[in-house]
Amino acid sequence: MDFLFVIGTPLAGALALIWLGAHRVAPVANVLFSLVTFAAACVLSVHVIAVGNLTFLHEQFFIDPLNVFLVALTALVGLTTSLFSRPYMRIEAEHRRVTPARLRLYHSMYQLFIATMLVALTTNNMGLMWVAMEAATLSTVLLVTLYQTPASLEAGWKYFILCGVGIAQALFGTILLYIAAEKVLGSQGVSALLWTHLDAVRHQLEPRVLSIAFVFLLVGYGTKAGLVPLHSWLPDAHAEGPTPISAVLSGLLLNVAIYAVVRCKVLVEGSLRSAWPSEMLMGFGLLSVVFASFCIWRQRDIKRLFAYSSIEHMGIIAFAFGMGGPVANFAALLHMTVHSLTKSAIFFAAGHAAQKSGSQSIDKIRGLVTISPTVGWGLMLGSLAILGLPPFGVFASEFLILTTAMRDHPWATPILLLAFGVAFAGIFARVQPMVFGDTTAKRLPHSPALIPVFVHLGIVLMLGLFIPPYLAHWYRAAARLIGGG
Amino acid sequence: MRSLHWFTQVLEVAAALAAAPLFHGWVNQCRAWLQNRSAPPLLQTYRGIRKLFYKDAVIAERASPLFRIAPYVVFATMLTAAAIIPSMGTRLPFSSSADAIALVGLFATARVFLALAAMDIGTAFGTLGARREMMVGFLAEPALLMVVFVASLISMTTSLPAISERLATQALTLSPSLAFTAVAFTMVLLAENGRIPIDNPATHLELTMIHEAMMLEYSARHLALMELAAALKLFNYACIGFALFIPWGTAMGGGGPGALLAAVPILGAKLAVAGAALAVIETVSAKLRVFRAPEFLATAFLFAVLGLLVH
Amino acid sequence: MTPVPFVMQLLNALAAMLLLLSFAMLAQRRVVTLVDLFALQGAVLCAATLLLAWRTGETNLYISAALTLALKVIVLPRLLHRLIRRLGVYWDTDPLLNIPGTMLVGLMIVVFAFGLAQPISALASTATRSAVGIAVAVILLAFLTMITRRKAMSQVVGFLSMENGLFFGAMSATYGMPMVVELGVALDVLVAMLVLGVFFFQIREQFDSLDLEELEARKEER
Amino acid sequence: MSLRIAGRTLFPLGAVCGLAVAVAAAMSMTMPPESMQLVIGLPDLPMHVRLDALSRVFLFLLGASSAGISIFAAGYFRSGQGTPPGLLCLEYHLFLASMGFVLLADDAYSFMVAWETMALTSYFLVTAQHRIAEIRQAGFLYLTMAHVGALAILLCFGVLQGGSWHFTFDAMRAAHLAPSWAAAAFLLALAGFGAKGGIVPLHVWLPEAHPAAPSPVSALMSGVMIKMAIYGMLRVSFDLLRGLDWRWGLVPVCLGLFSALYGIVFAAAQTDMKRLLAYSSIENIGILFTGLGLAMVFRGTGMPEYAALALLAVLYHSVNHAFMKSLLFLGTGSVLHSTGERNLGRLGGLIHRMPWVAWLTLVGALAIAGLPPLNGFVSEWLLLQAFLYAHAVPHSFVNMLLPLGAGVVALVAALSGYVMVKFFGVVFLGSPREPSLASAQDAGVMERIGLAWLALGCVLLGLLPAQIIPALARVAAELHVGVLPDSAAPWWMLTPLNNGQASYAPVVFAAAVLACVLLAILAVRLLYHRRVRRAPPWDCGFGGLNWRMQDTAEGFGQPIRHLFTPFFAMRRELPSAFDSAPTYRVVIGDRIWHAVYEPLGPLVESVAGVCARVQQGRISLYLLYALITLCTLLALVL
């Protein structure tokens, strides 16, 4: 029942919000639907902790430690983002950047987007997962182009085409997976695409087909995850959409894509009994980390800057999953959590900063601490957190990843460290003048409601110092599930 | 025996205080002779100092207390230094509380106070003198320390009387390291005491003066103390030289009152010779440009280091 | 070597036609013709699906064929034609790589695709050795088409052609995917087309053209 | 504003806490190490804390010097531009707490957390006046260097665990490293902690960040924070790292000596008083690293007593420097507050206006110049004593060259005298160089207490080393570096090796000098007269004296610039003979900055440019990347 609520609430929300349109209660309804989703996700998590893995709807959906924590995370960030979007979009509407009709689209698509992500996370059917991923792309394409500016249209177009093509590769990968599975599981019924069934027989799957399938899947979902060199759409899409959408794209969608890759990796490695899928992931990861760190130095747009930082962090996560093993998987899951919390917090703060300054250009944003201390400190602390400075949680996961890398792949450590150093200097050099420094702008009469930012940063801070035992238990179980290494 | 040691200690300090102006006068006399001038009386230094003590002190309006304290501090450090250096006997009760390194530190303290006092009034000459003094000092001090260090390495102690004793009891061989350091020490002595070729105590030429530039604003008793301190410094340096390079003749550990008695004339003789030698050096060498002073001192430092290397 | 049954030979022929059409699309510069070729490709795909359905008797495949016919032969081409008329984009400018060069690359891709398909065909349900290879080739050729085009419209047609390749691959190797998936995929394609339609109008409104060169402003400073 | 009142009460409270920490650390010196596990931390690696002699020494240093600084800060921070005082107060105390936690941490994770929190909070403190662009740049440089250094430390811990993959310090103590890995760990630690401490060539942030910070923060950073680098270095080299070849000890010796010389030479050339002090910190860190390296060499070559002596010198100098450098920075803070000037060229004569600050700062200046009987001399003395045994190292070249280090140390000590005369003389003596200085006010009560506390520390540490050394010697014993023999000397006598070779009794010594001073004063008064006349300065009778005739800071540093020309990248603007308004300007640059750091930015930029080339907006190209990636991976798989 709780599961149906998790999936159903946002779907119902999407429909209801189409009906509500630009009514003034629409933002509140948006928050309420997100709240119900979050509550249902919490209940579901408790349920799963209590009874273990669950399946629903003829095994089409299932919940295990790996996806339940992502479901909870998605619901949480979905809730806080909706909270953030309420005042933010109101100001945008006041500035006449969005029309009421567009606002209707925005709210409805927002819920739909959350729904697709939740489906992608909870589905047991690899085909359905693909469908949900594609639906996630489609529901956000029009959100990216919400402002109808040339830049946003261009970004939306690239997002659509590149992700569409990418995801088509994933479909072919899924087909190949099906071909291989069919031989083992038989084509009767639909069990041949159910992950739980595939996982059970993964050692019998034909390795050569599976390896080709994995390449297609990796390229496909990797495009969505923004792994270099498939990342090209990401900076544009994240920079040009409305900030709440940037926050969920960066904070959640990338996670879901990585999740899909990891699910596939588990199957393929089981079949292959060789490490090259891991090596591929590590290669993508390293390339992303290095490339994004250097690209950061060229950024003049605040959201683009953090979009590249997302690429970097996806690289770190991919690298960690590639290394495999309990510690690295644990760290990667932790990193997914803290990254999505921190990055969405940063986007919230950055969105407000850009809104106050009337521009997303880094050169135009100055002296935030003076204009609005909460925005300034939110951006500063968020940036420091994402740069991996303790005591924030990002450091905890990076610490684990680095130490594991030292053990298993010493050659990669200097590369990672170099990239961290470069990224640090790059981001910090841009954030500091935005937050500090002189400004001609007046101090704002009211400080923006940035509770979500500080809630996120608070959780991240806590995770850096103390990981609650049940959470650790959860991560461990998920890490075991992924295995590898 | 202990009382003898205490007596030696008091005697040394008293002798230093009494003989320093004399030594100063002796050097001046020798120099005058060598330069075919009519020499001032041997006791001229005493007379000058006495005269100064009787005069009214004139102090610049904007002088701070530091300016008035400095002469006493400088004088006191020199006197304390005299108590450490084994000029007549090596069993000095006080010397265990300050070794050769502390001695160098003591000289540095005096120099710093001197320089600070010179800067206090804010005259062009004062700061110029202070700067030059510190320039000379920062090279002379390590050179002196290296000299002491070489001696310490040879005798494996930093206590000056102990060094002196050990060097005196060694066979009379010319250790090359000591030879180098002796040269270095002589150069440091010249520089630290405002002697030609670094400074000329007899001139007030602004282009070249160092020590005198710092004294310009002092008068009367303060100047007297400064002059006395300068004389004491020269005396102390001479005694350090004796302790390190010609330690023979001082009353060593085993010696009783007789040895001490013998040490007094021997010290006098050493001083006489050293004063004459100093005068000779000053006469035969020309004053260097101020900018050449670092080269001179760097050479001294180098010699000391060479002494360390050949040890 | 056992003689290949007639139905299979027919299927092979249809597959070959798909490939041929892909090449034709690669070489075609006129957008209207491109859409026609796409519709033709859809028809061939539909025929192949029907053939396979008839041979295997799978009802799934009949539904697939119907979907293909409705979507790719009738709805989408008409939609595209209408868009072309409304937007007035009949021609693509010169492709980024000249046609012979493109063909050469396309040929290499086909070789690569066939090599790639070998282990898959070994596992495939149907006896058509070349079908999977052709599916891969169609996908990659569509990829190439998208790369070499300068108009948004042609790129979309390339994209749809890629979808055709995927469909053919799924069908020829496994008699189609599970129904849930297939319906989902079809829905996605349809929605994608709707989104695209909206897109085109938005783009044209903003840029007065559907030239992709207008869409190259978001980039890093060198 | 209530925040300010909170700051006024919180800072003294912090001072009391600091004092309590210092007292507790001092009292517990003789106790065995205690350790504990906290509930927080990573799931597999809960935070471990441990209190041993080494931590206690540094906790004492932290507590005692921060007590004075906090009291001073209570009077110092006022609201104005930049970070509000309430927030500053929070950051300040977080900074203190993180330093305390660095000393307690007993596993890599908690150490890194504390270490980076320390960097972070101090960064925020440095950029308190964030409206000034230079300060922002300084902060950026500082945090970047700190972060890069922290990465090196992290790597170092990664090597140190030696295959056990446990990151507690206990596991590292138990690990056996191959000599090459030990060397790697050591060099990484040297780079990481060296970057924090400001060892040349990783020093560039220090002269920027320390002047930028508010003075109490500069004092904490220079006095205490860079000692954390020494602590870390000691912890790694003497506690965690086993099996390192002794020759590696020569690396910190050489680096340290070079840093010391480099720092002090640059200090002599500075015209900004806080920069001058910052460079002097580089010098002192250099001396500390020298001692550390020396101790390593002695330990490795089987001379535990001498190793203990050298270690003692390091510890003592750390404590000393904490007091004297804090004192000096606070002194500059008071000057800065009442005059608004940091530039030496616009100060002067403040001893009349600010006697308290002047005299207390003089104590610090004399102490840092290494003059007896103050504390700077004691540690210099100990270090030179240690160098005296360097010739016993059983290696033909090393035993010849190592004693030369003593020469460099001596040169550096003498130069620091030069620098301090310049510093004190130009700021406090002479006549004011600006008319506005006439309105300068002396420091407030709180500030005076803070300064006096630190000055008292300098004096006591100078006079009572014999009481403090046994406590410090416990560190050497506990780390198995070496045990110093029990002293048979009376309480006032410092005889570290107890072999009659060297002794120093500062109390007697100071009493003697003081007695001489008093006797001289008394004698002069009794025998002669006390008549004093005030008159305009004589100045050789030239007359027309004004403040512009004094040496400027540039002028005072000129001999050093002249002598050490190769060190500097100098840019001079000389007046020509026909200038109507002749100006002279000299800008001193750091060659290392120009050679190493300046090209780094463009280098990264150019690589970034190559990366940017990939991202040129063309969707066809992006698709091509995808196709190539796909085909490449497929080709790899086949």
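Going in written order, the chains are labelled A, B, C and D, and every chain counts its residues from 1.
Rule of thumb we're sticking to: contacts are C-beta pairs under 8 Å (C-beta built on N, C-alpha and C of every residue); 3 or more make two chains touch, one makes a residue touch a chain.
In this text the structure is predicted, and so the values were computed from the model without any measurement.
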item	value
Chain C and chain A - chains in contact with each	D
Most distant chain from chain D, judged by the mean position of its C-alpha atoms	C
Best-connected chain pair, where connection means C-beta pairs in contact	B-D
Whole-Å gap between the CA centroids of chain B and chain C	101
Rounded Å distance, chain B centre to chain D centre (Cα mean)	35
Centroid spacing, where centroids are CA-atom means, of chain C and chain D in whole angstrom	70
Centroid spacing, where centroids are CA-atom means, of chain A and chain B in whole angstrom	78
Where chain C touches two or more other chains, by residue	116, 143, 146, 155, 215-218, 220-221
Contacts with 2+ other chains: residues of chain B	none
Where chain D touches two or more other chains, by residue	609, 611-612, 614-615, 619, 623, 626, 630, 634, 638
Interchain contacts (touch definition) - all pairs	A-C, A-D, B-D, C-D
Chain D residues touching chain B - in the complex, by the definition given at the top	348-349, 351-352, 358, 362, 366, 369-372, 377, 380-381, 384-385, 387-388, 391, 400, 403-404, 406-407, 410-411, 413-415, 417-418, 420-422, 424-426, 429-431, 492-493, 500-506, 508-509, 512-514, 516-517, 520-521, 524, 527-529, 531-540, 545, 547, 549-551, 555-556, 558-560, 562-563
Contact set on chain B toward chain D in their complex	53-54, 56-62, 64, 66, 69, 72-73, 75-77, 79-80, 83, 94, 96-99, 101-102, 104-106, 108-109, 111-112, 115-116, 119-125, 127-128, 130-132, 134-135, 137-142, 145-146, 149, 152-153, 156-159, 162, 204, 206, 216-217, 219, 221, 225, 291, 294, 301, 304-305, 308-309, 311
Residues of chain C touching chain A in the complex	116, 119-120, 123-125, 136, 139, 143, 146, 152, 155, 159, 162-163, 166, 169-170, 173-175, 177-181, 184-185, 187-188, 191-192, 195-196, 198-199, 202-203, 205-207, 214-218, 220-221
For the chain D and chain C complex, residues of the former touching the latter	609, 611-620, 623-624, 626-627, 630-631, 634-635, 638
For the chain D and chain A complex, residues of the former touching the latter	39-44, 83, 108-109, 112-117, 119-120, 127, 130-131, 133, 136, 139-140, 143-144, 147-148, 151, 154-155, 158-159, 165, 167, 604-605, 607-612, 614-615, 619, 622-623, 625-626, 628-630, 633-634, 636-638
